[in-house]
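Per-chain numbering from 1; labels A, B, C, D and E assigned in written order.
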Amino acid sequence: MSIKKDNNWEPRILAFCCNWCTYTGADLAGLNRMKYPENVRVIRVPCSSKVNPQFVLRAFQKGADGVLVCGCHPGDCHYSTGNYFTRRRFMLLQRLLEYNGIDPKRFQAKWISGSEAAKFRDTVAEVSAQIKALGPNNKFVGAHYDNTVMEKEAEGGKD
Amino acid sequence: MARIGVFICHCGTNIASVVDVEKVAQAAKSMPGVAFATDYKYMCSEPGQAMIKQAIEEHHLDRIVIGSCSPRMHELTFRKMLKATNVNPYMLEIANLREQCAWVHTDRAKATEKAINLVRMSVAKVGNNKPLHTSMIPITKKALVIGGGIAGIQAALDIADCGFDVTIVEKEPSIGGHMVMLDKTFPTMDCSACISTPKMVDAGAHPNITLKTYCEVESVSGYIGNFEVTIKEKTKFVNHDLCTGCGLCQTKCPTKVISEFNQGMSKRPAIYIPFAQAVPSKPVIDENACLKLTKDKCGICEKICPLGAINYKDEVRYTKEQFGAIVVATGYELADWKKMYPEYGGGRYEDVITGLQFERLVNASGPTEGHIVRPSDGKEPKDVVIVKCVGSRDPKKGKSYCSRACCMYSAKHAHQILDKIPGSRVYIFYMDVRTPGKGYEEFYDNTRRDGAQYIRGRVSKIYKEDDKLIVKGEDSLLGRPVTVEADMVILATAMEPAPKIEEVVQKLGISMDKDKWIQEAHPKLRPVETQSAGIFLCGTCQGPKDIPDTVAQASAAAAKVAAILCHDEMETSPMISSVDQTKCSGCGFCVPTCPYKAISLVEVPGRDGNRKVTKKVAQVNEGLCQGCGCCNAACRTGCIDLKGFTNDQILKEVDALCL
Amino acid sequence: MAELSEAMVQDLIRAEAKKALQTGEVSCVIGWTATRFEDRTKPYFAQTPEECDMLIWNRYCINGTAKFALDDRYPDKKFGIIARGCDTRAINRMIHDKQLKRENLYIIGVVCDGKENPVCRQCAHKTPLVCDVMIGEPVQDVIPESRFQEIEAFEKLSPDERYAYWAKQYDKCIHCYACRNACPACNCIECYADQYRVGWQGKAADREQNQIYGLTRAYHVGDRCIECGECERVCPMHLPIMRQTRKMLKDINDLFGPYECGLSEEETTALGEFKTADPDEFM
Amino acid sequence: MEKILNREEGRFLADRIAKEADVKLYECYQCGKCSAGCPMAGSFDLMPRQIVHLMHLGDMDSVMKSKSIWLCASCHTCVERCPHDIDIPTLIEKSRIEAQKRGICAVRNVKLFNDIFTETIRGFGKSQEVILEGAYNVTSGRLLQDMANVPAMLQKEIVRPELNSVKDRDHIRDIMNKCEKGGAMR
Amino acid sequence: MKSYAYFPGCSMDSTAVTYKKSFEYIAEKIGLELKEIPDWSCCGSTAAHTKNEMMALSLAARNIAIAEEKLPGLDIVTPCAACFSRLRYANWAARKDELIRKEIQSVIAMEYQAKPEILNFLDLFSDPEIREKITSSIKHSLKGLKIACYYGCLMSRPREVTGETDPENPMKMDEIISLTGAEPVIWDYKTECCGASHQVDAPEAARELIDRIFRNAKANQADAIVTACPLCNMNLDMREAEINKNFGRKYNIPVFQFTEMIAVAMGASASECGIHQHFFPAFDVINETLKRNREKAEKLPAAPLPEDPLKSGPVIIGKAGK
């Protein structure tokens, strides 16, 4: 449990990026030394369609301020049709979350191809700014959730 | 108990100049499960790798996290390195500290904090990694080529020359496809039959090639290296083992029907060899035309066949064969312009012909022995109009693409007419002249020099008045409507995919584009591959193209096939989905989400209380699964999971990042 | 045909159930029977022809009958079900989900004119969609205009109001899984929520775990919900559970065209397919 | 005179017309099938194809000043055969209405005839061939046009002296006035 | 028999004498009754939409609105291609866009739902019941008479308005004409424009269009042209002589309304169907055909329809010139 709420508050944003397009695009942004905010953390997945809506719920529960799902543009999916499923799943999830009180800016999906480094940078900057403006997320956060169960479970812990 | 080793790379100064790598390594030491953590200048270098190996031994590490450049860069390098150690190569995670951290940030404190976070994420994930092992699947050293046109023949010959067995399945009685129908080939004007028939003969005689003419692919199952294909042999009614191809039956057959080979401009008997140079040069009986088969009369061929090869009771046969790779070369068909263009007479006028009909007209072995005459009255035409883009580049008629070969063959036709008919005039209505090929522009130049009139504009209407075909167009360069009174009109009709392409695509589990051309895996970098591993394509089934491109593509596909067949077995990626069948409800929701049709429902023994029952559960075909994970998110119980990217691993990453 | 009175329908139900049991093909017939309260009924399994006289039909027959068929996934004999329109949709749902086989069911369809259950006001399919025999005159299927009215009204609230509303609801939730157990779309052999998997779903009955459970369940059944209202009916804490699933249905309707579930065995589900021309908001 | 394309001022108008006509001007690839099939093209100063091109370039001025927009017979042959389904008749119709608004008319007689025709309707609610032809010949100065047929018409009882008219003429007048007040388009 | 609302249109009421006479003859014989729309007005014709689109829609819609009110539930038939086109256009525009429909309503100050279908006379005569009645009351065969059926543009295009599935080669009139025993020829100017809208105001440009139609009819050996519209008919009939004179042609192709042909075949006299009222002499062609057929004492066989060339492969027509 460690949600810092100091004055220099930086949002914590998770980005699920597909290996073939967006992750490559993010690498390309690095290669081109583009700059973007530090508060976005990328989780690599083979395809945006691997992202289970439960991951998103889990992220909010654990205190993420925003979640981004990125994949290839429809029609360009490395696995040919995965992102069409992504599109349906997350259009519905976004609406369901909004319905439950989560600002749709907190959960977004974007198509970013392997060559769109600038789009990756801009998306990250934009989402980051939007979420900064919204402030910390306090909805769905497991405020009284005991993390110790987890800690114990994580194999080993400290020797 | 996990023993994780964390190795933070400086990447020279690339990472270290922005990220406090020592601090990151220090922080890693207190992460759950971490037994060892250090930093080093170049992890990917020889000494760097040696250091990791040493640390593995010294600290009995079983999982590795490397904080370095993007995993897309060196994941394979480090996996290879781990092969030489006790650690399974898949017990490795890479935190992307360079491309997605050091290079994109400037604030040292924040970048370091992020780097620690990323390492924590990788540590959390690797703690849930399981050793994975690549498996080897054996490869059937035999290829199937679907379609026996020039593309299929070329691909088959190249594969066969590499020493592998090839089977060509061709739906027509002879291989050869469209190329043998043509007269001359642009831009060199060599005789099409002269260059294609030797290849047909080679294919027929090659010890590694099996011809299956008058056959179709019935069904395909399996995956790369191990396709099982059922081939349907249509009823030939002639025993080709006995038949010597003497042709006596053809001459005596009383029934005459329209010849497909001559594009409807001549007749053939009901028992027929489609053309003189056919391979195999043995007849089949057209069951829709034969009197014996339709009305139980005649039976002459059976009576006169000296070898008793005729069998009216022939039946469709199915054979099952194994193949290691498949080449699709199903080719094209000309679009049926008669239905599409009522304004061009809709087929009412015999003297409005297609380019392919003209090829037969001008061909010395064609119905007129090479004399260009009007089909209606046999007169030699003086004024000929060629209309390009009939069906092509016409979204209203359903095809927006360019058929690519028409500009050149229309120039060729113009040249042939001007050459063969003294005093003739040729008008070519065009929208653009597209000649991107070696020697093509020069060919176009020559045709204009020959006297062909190029008029820029689409033709609006073709109709007949008295003896003449009236062609109304606009000369859009003049900005004036123009009319040509022609004796003959040649339409450069659009190419479209072979009629049964949907069936083929569906059987093979590959995909088509909006115009039903087969979709290549990548338009630039994987032009002869399909989405499905082990299935390749070449020629016009992929899109309209001319002979040189087709042949080049065929050889490319053959090389791809040979690259598979030259191995005895192949390694499969272990990062594929698998099903926990004890939890699976067998609802089948994962099945339609798989782009590779890798998931099927199978029956397995199970228990219901004390009873033994048969359960239906999902199963992943390891040869077909490509590891996208789309099915994972469709599964409500979470029982189908992608190895290397399991739900649990990703949830751990989420937790670690939010910590 | 003259309109059947309740009593006549009841007689017909008993007669049909008897007939089915007498043939010996059917192991039991599930319907409703009386309780000691006049305005309550309970599910009843008639296992002999005689027991069929215990079956009743009145406006308090509100329990869904279809899901009981799942109690015996591998039956030796046919399972007889007295099914209203909603029950047949549930049957279709479970057949489509491959949890039941049509040939293992004997369905006595009854045209229903609505029960003492609020959800019946939004009923679009009063006539059984699949059955072996049908009691009553089929009526026209009409999707009521009020189908999404409640959802639309709720959408108009501010995000914070919406969150607060649901937070209050999930504070009430006791995590008893009654909604799941009653739901015909919740037909997995082992629910994700029952699995022991760290990080997957907490078991505690606190607001956060209830929220995650509620939302995940809504998402799991949202594209397959047959709008029978069993979840709300059985909820001991009176959570408006259908407001979540109906929201999914409404969005599917808005985004991908008219959508109802459980109308036949062969239908596809919204998340089990896609169209390349689907609207795209993620450009 | 040399035209400077990027300074054309009709771009806005052309785009508006195209939008109203539901035409995507950029789709036209200038194949000329429209002009080739146009029965009136022989008398056009601008080919239908050129009209689309000029509109795409934003040169509405040339379009509105052309004779073609007045001579179009609205036969819809062009759009029927157009590979891109470009609705040229509607483009022309709307250009003509715009031209009229600006007082531009390259073929006076066409406008004259249409004016007389609409006035006849305003007056009687139905068209009156005799009045129409007569009034047109007088105003256009082509006194003898089609007059050769008059004796035959009378002799063969093709035209009769009495006039047809609608009872509720006020309604017609009302409709027409409302439309005109509402601007030339709508 | 199904009943219809009837919108005659201005020309049917004035210059289209032969059309009116012959149609009334047929209607009486087969017991067809049309209910004229009370106090109908001009459809706006080609002039209104050159000036003001709303005016064009409203003038046409007024008539449909009256029909909706006074003759509810009936479809509207009209003999004129221009009226057909304008009425249909109003319905099409109103059905496509609710705002347009509402605006029309406010302009005409009447309820307007765009409900009734608009049919032309060819649609009417394609009604199986009417066709049946005509077939059974045919007395004379017009066998041997080669007919070029001219449909014109307004009945064919634009196809989304007219509902014509094959605007390049429609067949409705050919089928109807075949009932009389006359033989429709396959020709290429069935739906080319005759330029009627510009014959008065731009005759220099428009006359040529008429010439081309006659030329193609002649090239395809037609003895006569048959139309289904008062405007097309008058335009071709009235100006044939002038074309012959000014263009140096020798066309001898009378122009009929299709109803005239049917009336003649049903036994109407020349004055009953108006054959003597043509500009270009038309009597002889019909008379000789009838005489010839009478001499042959031929019983009227069920005339076979011309084969659909699309289905039966290329058919050569109009063989080399005479």
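The rule is short, and it goes like this: a contact is a pair of C-beta atoms (placed from the backbone, for glycine too) under 8 Å apart; a residue touches a chain by one contact, two chains touch by 3 or more.
Predicted model only: the values in this text are computed from it and were never measured.
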Mutual neighbours - chains that touch subunit A and subunit E alike: B
Centre-most chain, if every chain is reduced to its averaged C-alpha atoms: B
Pair joined by more contacting C-beta pairs (A-B or B-D): A-B
Centroid-based (C-alpha) most distant chain relative to subunit E: A
Mean-CA-position distance for subunit D and subunit C (Å): 63
Rounded Å distance between subunit A and subunit D, as computed from the means of their C-alpha atoms: 59
Interchain centroid distance [CA atoms averaged], subunit D/subunit E, Å: 23
Inter-centroid spacing, subunit C versus subunit B (mean Cα positions, whole Å): 46
Two or more partner chains touched - positions in subunit E: 168
Of all residues in subunit B, the ones touching two or more other chains: 343, 461, 593, 634, 638, 647, 651-652, 654-655
Subunit D residues counted as touching two or more neighbouring chains: 42, 77
Each pair of chains that touches, named by its two labels: A-B, A-C, B-C, B-D, B-E, D-E
Touching residues on subunit A, where the partner in the complex is subunit B: 2, 10, 12, 14, 19, 23-24, 26-27, 29-31, 33-36, 38, 41-47, 49-55, 58-59, 62-64, 78-82, 85, 89, 121, 150-151, 154-159
Complex contact set, residues of subunit D against subunit B: 29-38, 41-42, 46-47, 49-50, 77, 81-85
Residues on subunit D engaged by subunit E in the complex (per definition of touch): 39-40, 42-43, 70-71, 73-77, 79-80, 87, 89, 93-94, 96-97, 100, 107, 109-110, 112-115, 117-118, 121, 125-129, 132-133, 136, 140, 145-146, 148-149, 152-153, 156-160, 164, 166-168, 171-172, 174-176, 178-180, 182, 184-186
Contacting residues of subunit C [partner subunit B, same complex]: 73-74, 97-99, 187-192, 195, 197-200, 220, 268-269, 271-273
Residues of subunit B touching subunit A in the complex: 1-2, 30, 32-33, 35, 70-73, 96, 98-100, 102-107, 110-111, 113-114, 117-118, 121, 124, 127-128, 511, 531, 575, 593, 595-596, 626-630, 632-634, 638, 642, 645, 647, 650-655, 657-659
